[in-house]
Amino acid sequence: MTMVDIGRLISLIFIGGGLLWLFISGLKGKEVDRRIIFLFIFLSVATPILFPITFGEKATPVVKAVFDKVESLPEGSRVLISFDFDPAMAPEVQPMANAITRHSLTKGHKVIFMSLFATGQALLTQSLRKVVGEEFPELEECKDYVNVGFKAGNEGVLNVIVTDFKKMFPTDVNNVPYDSIEVFDGIKSCKDIDLIVSIGGGMPGVKEWVLFVGDPGNVPVAAGVAAVVAPQMYPYYPEQILGILGGVKGAAEYESELIKNYPHFAEMDTPALRMMGPQTLAHMVIMIFIVIGNVLFFVSRRKRRGK
Amino acid sequence: MKREIPLLITFIVGVVLIVSVFVPPTETLGEDFSVFFDIIAVFAFFLGGGNLVQSHFSKARKRQTDWGYSIVTLVGFVAMLTIGLFKLGNPGGISAPPTAEGSLFQEIFDFVIMPLSATMYSLLAFFVASASYRAFRAKNREATILLVAAFIILLGRTPFGMLVTGWIPESFDILQIPNMAIWIMNSPNLAGQRAIMIGIGLGVVSMSLRIILGIERTYLGGDD
Amino acid sequence: MHVGKSTSLYLPQLFFLFLFICNFLLLSLVYAQTDDPLLNSEDSSVAIPDSELVVVAPVTSLIAEDYKYDDGKQINLSWVPSIDDQLVGSKVLGYRLFRIIDDGKPELLAKLRCGANSYSDGKLKSESVYSYYLEAFSKNFIATSTRTVPISPEREWINFDRKYLFLLAFIIGGAVIFFIESARRGKKLFVRKIAGLEAVDEAIGRATEMGRPILFIPGILDMNDVQTLAGITILGRVSQQIANYDTKIRMPVSRSLVMTAARETIKAAYQTAGRPDQYSDDMVNYVTDEQFGYVAAVDGIMVREKPATVFLMGAFFAESLILAETGNSVGAIQIAGTARPAQLPFFIAACDFTLIGEELFAASAYLSGEPKQLGSLKGQDVGKGIAMAAILIGVLAETIGTAWNVEFMNDVVRWLTILFTTQ
Amino acid sequence: MEHVALWIAAFLTLGIYSFLYKDNIWYKLCESIFVGISAGYWFVVLFWDNIYGKFWVGVFPPKAYNDAGELVNSAEPDYLLIVGAVLGVMMISRLIPKIGWVSRWPLAFIVGSTSGLYLINYFTSNMMRQVEATIIPLFGMNYELSAYDIIGNLVIVIGTFTGLVYFFFSKEHKGWFGRTAKIGIWTIMITFGASFGYTVMSRMSLLIGRIDFLFGDWLGLIK
C-alpha cells in the first residue's frame, strides 16, 4: 500500500463516515449547517484530485458519432476546430478540444484552428503548445495545421466565412498570407471544409455555427459544449449537429474511446477521465444530501403530526 | 415638453425599427442603432465610473466603515485606467491593441481578474449543493416532481446509474437511468422549455408595445 | 424642482472627463500609425509548370441573378461546373471568377475550389452594372466561359418573404392594442392572480417592519436587453411602493446606463409618492461591468447590510444561484424573475417566489393595476391562443397526414409551416 | 514573475473561498481589488473597441496603401456614427444639472430601439420558431418510430400545450382549465429539475479547475 492508497482510504472513510453520521442525526431531526455541506463538497472534489480515483466510461451514441466521423474521414481531410469559449468555461470544454485535436492529427487530418471568443485565442495558443507542440513535434505549422486566431464580429464572422474564408482571415496569426498556407489549398469557404467542430457553449457558439455555416453551407458540424447548454443542443441532433460532447462526461467518453482505439494515448494526459473521479464523488455527495434533506423533512412532519 | 419629446423619440425609434424589418433598404438600421448604443454606453460610463470614484472617494474622506477598502478600489481603478488608456507597458506601443499579449494591462487581467473571476464562478459548486439539499424536498406534488427529475438526471451523470439499472433487458432499455435521463432532457424538458420560450416571445411583444406606445413610462422620470 | 447640489460633488467626474479628452487626442496618434493589413496582402498567382498541355472545358450555363428582397446589394451566380471537373483525378484544378463593373477592366473576384457551382457577390451598388465570367484552369490551360448579361442588383422596397411574419405580428400586436383600447374605454378585464407578484406588497412591508433595506438587482445586462427593460419597469412599480412605505432601497448595478435609467425611475416614483426630498442618487450605484466582480460586491452588500427583501429581476447568467443562495443565507425574502430558461431552476430552488419568463414581462403591467396595462396582458393571451391552436391543428394534421397519407392534411401542415417559418 | 503571479492568484482564490465560512477582511480586500481593477479594465476595453474601433475608425477610416505607396480604395466614412456620439454627449449632460433633462433623449432612444428590435426578434425566434418546431407527427406509417419516440413526441406536444395553458392570464386556474394548467406546471417542474441536475456537473468542473490550480500549479502536490 502506497501513501496515495492510505490517503485515499482515510479520506473516503472520513467522507463516508461523516455522511453516515449526518444521516443518523437527520433521523433525529437535526438540520445540517450549510458550511458542513460546503466542507463535504470540498472534500469530495479534493480527494480524487490528490489521490486519483477513476471510474470506467462507456461512450454513448451521441459522443461515438463524433468520434466515428473523425475516424472515418480520409487522411488529409480538412477539419476546423473553433475554440469558442473563455477561461471560465475552459476547464470543462478544453479537454474536448484537446482530445479532438489529438485524434484529428493522429488520423493525419489538416486542422484549422480559430476562435470566436477574444479570450479564446490565448486558450487556443495554450492548447497548441501543449498538444501539438509536445505530442506532435513533427508536424509543421501551415502545412499540417494552421492557427488563424480570433476575429471579432461573432456570427458576422461566420456569415462571411461561409462564402469567403480569406475575407475574414487574410492571414493566420503569424501574418502568413492566406494563399501561401498549404492547409487552405483549394479552400474558398467553410463549404470546402470536411468537418467543423465548435467547442464552447456560449454566444457565439455551436448554435451560430449551425445556423450560419452548417445549415446554409451544408457542412457537417460537431459540437462540444458545457453541460449546461447540452440539453439545448439535443434538438439539433442528429440532423443539424452530427454529435455532441456534453460537459466533462462527454469529453471523458471521447478520451476513453480514444484510448480504446489508440492504446498509446493511455499514457498521455486524459484530463476529462481524471476529472470524472471528483465529479462522480461530488454527485454522490449531493444525492446523499438530498436524501438527508428528505429524511429530515419526513421526520419533522411526523413530529408535527404527532403533536 | 421635457417628457413628451423622449416619449416621441421612443415611439418613433421603436416603430421605425419594427417597420425596417419589412423594408430591405432600412434593414441594417438595427445594426446601426446597436453601434449607437455601444457608443452611448461608453459615454455613459463617465457617469458610472464617476459614481464609482465619487462614492468611494467620499467614503474614504468621511472615514466611514471599511473606508480602507474604498482606497484599494480607487487605486485599482485609476491604475487600470492609466495603464490601459495610455497603454503603459505595452510592447506594441500606442498603436497596439490594449489587450495585446504580454502587455501589462493584459497581464493584470490574467493574474488578477482571471483567478478572481474563476473562483467566484466556482462558488457555484458549493451553492448548488446547499440549494439542492434545502430545496429538493418532497413537500408537495410539484416539489416532488422537481426532486425526482433532478435525482434521475444526477444519477444518470454518474456511472452508478448504469450500475443500478444495467440489468434491465435491452427491450426496456429506456428504463436504464442514463437513457431515461436523456429521454427526460429531450422530451418533457424540451416541452417545458418551449412553453416558457413561446410565453417569453409573446411577453416581449406586449411589453415592447406598452413601452413604444408610451403606456409604460416609469423609466423616463418626472417633470422637473 | 431640483434639489440643490454643489458642483464640487462632480469634481471626480470632471477629472474623469478630462482624462477622456486627453485620450481622445491620443487617438489621432494611434490613427497615424495603423494601416489596414487587409488591403496590403498581395495576391499570389498559380505557377504553371511546362509540360504537356491539359485542355479543359469551360463552365456552362453561367447565370447571374439579382438577389431578391434586399437593398440592391447582392447578385447570386450559378453555373454548371466544367465537364473535366471530377471528384477523382480532375483535370480542372479550380476556378477563377472575374467581375466587370460598368464596362471597366475585369477584376479577379474569387478563387474557387473544384466542384463549386455557385457564388454570391455582396456589397454591390444598385447604380452600377455588373457582368461576370469564370475561368476554369488546369495546370497549364485556361478555359474561359461566356460572359453573363450585364445586370444591376435591384433595390426592393418591401420584403414579401416576410409577409406571414407581418401578418402574425399584426394580429397579435393588434390584439394587444385592441385590448388596451377597450380597457381604456372602461371595459372590465379579468387577470388571474400571479403568486410572485401578490407577494411584492408583503415583502416590502416586511422590510419596513424590520427596518432593513430592500435590495433590487436588475440583472447584469445593459439597457439594450429587453429583460433589463422589464426589470426597470418593475422597479418603477416597486419603488413607488417603497416610497409610500418610506423604506430604504439599495440598488447596485453593473452598467452605467442602467444606473442612469434606474435613478430616473426611482426619482419619478418618489415624486409621484409626494416625497421628492427623500430621494437621493446614492440609492443606485455603479459597481463594475465585470460579471463576477459585480457578484462579489453584491454578495458583500448582502451579508453586511442584511436586506430584508431581495428582488432579482432581469437577465441573469451563472451568478443567479450565487446571489440567490447568499440572499437566502441572510434570511431575506427573495422574489426573482428572469427570461433565461437556463437560470430559472436556480431561482426556483433558492428564492421564495419566481416569475417564470413571460410573467417577468407581465409583472409591471400587473403591479400597476391600471386597466389599460392589464389589457395588454389579454392581448398576449390571444397570441398564446394562436400558438396553441396552431400546435393542436398542426400536430393532428401532420399525424393524420403522414400516417394515412391524407393530402388535405398535408396541405394544412404545409400551410401552417409556411405561416410560422421565419426567414 | 511567474512565481509572484502564482502567489497572487492563490492569495485571491483563497480570499474568495474564505467567504464561504463568513465575511471577513480577506474577502473584503479581494472584493475591493476585483471591483476597482475590473471596472477599469472594462472601461478601457470598451473605450478602445467602441470609441476608437467603431466610432473613430468609422468616421475617419484608415487609408490603405499598396507596396508602391499609392492610395488604394479605402472605406467610405460613415458619418451616421456622429449621431451616436451626439447622443452620447447628451448622456453626459447630466453632469450639468440645468440641462440634465437632455440625457433622457438618448435614454429614450435606447429604450425605443431595444423595444423595437426585440419585439420582432423574440417574436420570430421564441414564438414562431418554437411553434413551428412543435408541429410534429406523433407517429407515421412511412418511417420507423420506436414506442419511446412516440411517447416522447406526445409528451412534447402535450407538455408545450399545457405549459401555455399555465401561462394564460385571462382565466382563473379552476376546474378543467386548472387541471390542464396543473399538467403544464408539472412539465415545467420536470424541466427545472432536469436542468438543475444536469448543470451540477459543469459547476463541479469549475471547482475542480480551481482546486487543480491550488494543489497542482501552486502547491505542486499533483504530478
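Letters A, B, C and D name the chains as they come in the text, with residue numbers starting at 1 for each one.
Simple rule for what comes next: contacts are C-beta pairs under 8 Å (C-beta built on N, C-alpha and C of every residue); 3 or more make two chains touch, one makes a residue touch a chain.
Keep in mind that this is a model prediction, so the values were computed, not measured.
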Innermost chain, where centres are averages of C-alpha coordinates: D
Furthest chain, CA centroid comparison against chain D: A
Highest-count interface - the chain pair sharing the most C-beta contacts: B-D
Averaged-CA centre spacing for the pair chain D and chain A, given as whole angstrom: 20
Inter-centroid spacing, chain D versus chain B (mean Cα positions, whole Å): 4
Separation of chain B from chain C, taking each centre as the mean of its C-alpha atoms, in whole Å: 13
Where chain A and chain B are represented by their mean Cα positions, the distance between them in whole Å: 22
Chain D residues counted as touching two or more neighbouring chains: 16, 19-20, 28, 30-31, 34-35, 37-39, 41, 43, 46-47, 49, 51, 91-92, 94-95, 104, 107, 110-111, 113, 115, 118-120, 122-123, 125, 127-128, 131, 133-134, 157, 160-161, 164, 167, 188, 191-196, 198-201, 204, 206-207, 209
In chain A, residues with contacts to at least two other chains: 34, 38, 41-42, 45, 88, 227-228, 230-232, 235, 249, 279, 282-283, 286
Sequence positions of chain C contacting 2 or more other chains: 2, 10, 13, 17, 23, 30, 34, 38, 42, 165, 169, 172-173, 223-224, 226, 229, 257, 260-261, 264, 286-288, 290, 292-293, 296, 341-342, 344, 346, 348-349, 356-359, 362, 377, 380, 383-384, 387
Contact footprint of chain B on chain A as seen in their complex: 32, 34, 37-38, 40-42, 45, 55-58, 60, 87-88, 118, 122, 227, 230-232, 234-235, 249, 279-280, 282-287, 289-290, 292-294, 296-298
Sites on chain C touched by chain A in the complex: 37-38, 41-44, 94, 110-114, 116, 119-120, 329, 342
Residue ranges of chain A in contact with chain C within the complex: 34, 163-164, 170-171, 175, 177-180, 186-188, 192, 228-229, 232
List of chain C residues in touch with chain B within their complex: 1-2, 9-10, 12-13, 15-17, 19-20, 23, 26, 29-30, 33-34, 69-72, 155-159, 162, 165-166, 169, 172-173, 176-177, 180, 222-224, 226, 229-230, 232-233, 235-237, 255-257, 259-261, 264-265, 267-269, 271-272, 276, 281-282, 285-288, 290-293, 295-296, 318, 321-322, 324-325, 328, 339, 341, 344, 346, 348-350, 356-362, 364-365, 372-373, 376-377, 379-380, 383-384, 387
Of all residues in chain B, those that touch chain D in their complex: 2-3, 5-7, 9-18, 21, 30, 32-47, 49-50, 52, 66, 69-70, 72-81, 83-85, 97-99, 105, 107-126, 128, 132, 136, 141-143, 145-154, 157, 174, 181, 183-202, 204-205, 207-209, 211-212, 219-221, 224
